[in-house]
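Read from first to last, the chains carry the letters A, B, C and D; within each, the first residue is number 1.
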């Protein structure tokens, strides 16, 4: 089981990342790409993070996914810095023998990244900037993975 | 809303397909890649299909996904012919404003492809061939999307 | 009617398609399957247990009770295994 | 202790980090936050309502009741908005 976590300013290539994950026993790769979504005059996002904590926290989230599903390998790439509309922000890719585990783990990882990984988005609209507010829907999405 | 359905012998590039789906209002792309999984001496799969029906049936499945979730666009590529271990078989990629719709629609599309699209896999192990049996787990996975 | 066979159904009957004249006795998909099973040989093997088979009429999944009409395209195949 | 601030917390207090000596009165994260709020100005704005803030101790999410020790790295930030 390999876990690849990268925090970087640079863009990534989804095909290359998926290719790197797959082995002869991989049957399924579920992946997710998050992008800077335009609208309401948004021009860019700037992503700040807590460097000493980010990889460690994402590592803990990845370990939890590994403990819950039979996974082969996974890659999480999260970009930081200023990103304009249409740019990729995040990739989560999960390889497994079967698709149910790959899908569930991928969605779990995204829900946990959204609510636990120490990143903060600042929006630029025209000349003004504003910190993005935490969405209750994200907290609810993460909450559903809690075991009873 | 654009729907792209391709049945082809040729391979595909996941990055290119995702890139083609995204617009300025896309916030999320969920995707799935199915591969020929090795093991038990499997060397290759041959995929047969019902050409007159395949695209129409997948189109009906895609229309159902569009009716159920707020999607921007989606691409389904399914390969046919002989594919060796490690080769890509299928891609489902779904673009939406938000991730929940993209994830759910992607998983729905895979479950329905598995149980409704007219493809049949024949396995090669050493010198012998055998038709893959339908898995009850796939029927159960599709069943959970039925509305009450 | 144009009748198509796929996967092991095709292999057992030894052909991918054939033309079968619509007739009053072939009112439904089930009637057609029973007629084919009665041919014996590979047809009997393929159509002996309809629970193992699926069908489509004019490129739409159909049950054994689906009613046939002249000119229909009828297909018989195992449960699908793509994806 | 090394105390770090992120996002609007950093902007309101006007710095990204500072060193604060551990002391008996700073037993918990909540004690530290209350001391910072009492400084007034940007600190009062940032720490006035702890429900809007989150904290980590030694790079692990922590509640207001988490106990501090000399040498700890304590971070204050808004609820995260990455992904």
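Criterion: contacts are C-beta pairs under 8 Å (C-beta built on N, C-alpha and C of every residue); 3 or more make two chains touch, one makes a residue touch a chain.
From a predicted model like this one, the values you see are computed outputs, not experimental measurements.
> Of all the other chains, whose mean CA position lies farthest from chain A?
C
> Whole-Å distance, chain C centre to chain D centre, using C-alpha means?
72
> Measuring centre to centre with CA averages, how many angstrom lie between chain B and chain D?
Roughly 48 Å separates the two chain centres.
> Could you work out how far the Cα centre of chain A sits from that of chain B, in whole Å?
Here the centre of chain B sits 23 Å away from the centre of chain A.
> Indicate the residues of chain A shared as contacts by at least two other chains.
Residue numbers touching two or more other chains: 34, 110.
> For chain C, what residues touch not just one other chain but two or more?
none
> By the document's touch rule, what are all the touching chain pairs in this structure?
Between chains, contact exists in these pairs: A-B, A-D, B-C.
> Of all residues in chain A, which touch chain D in the complex?
34, 47-50, 52-53, 56-57, 78, 89-90, 110, 113-122, 131-135, 138
> For chain A, which residues are in contact with chain B within the complex?
The contact residues of chain A facing chain B are 13-16, 18, 22-35, 37-39, 85-86, 97, 99-100, 102-103, 106-107, 110, 141.
> Taking the touch rule as given, give the residues of chain D at its contact with chain A in the complex, in rising order.
It comes out as residues 4, 6-8, 56, 59-61, 73, 75, 77-83.
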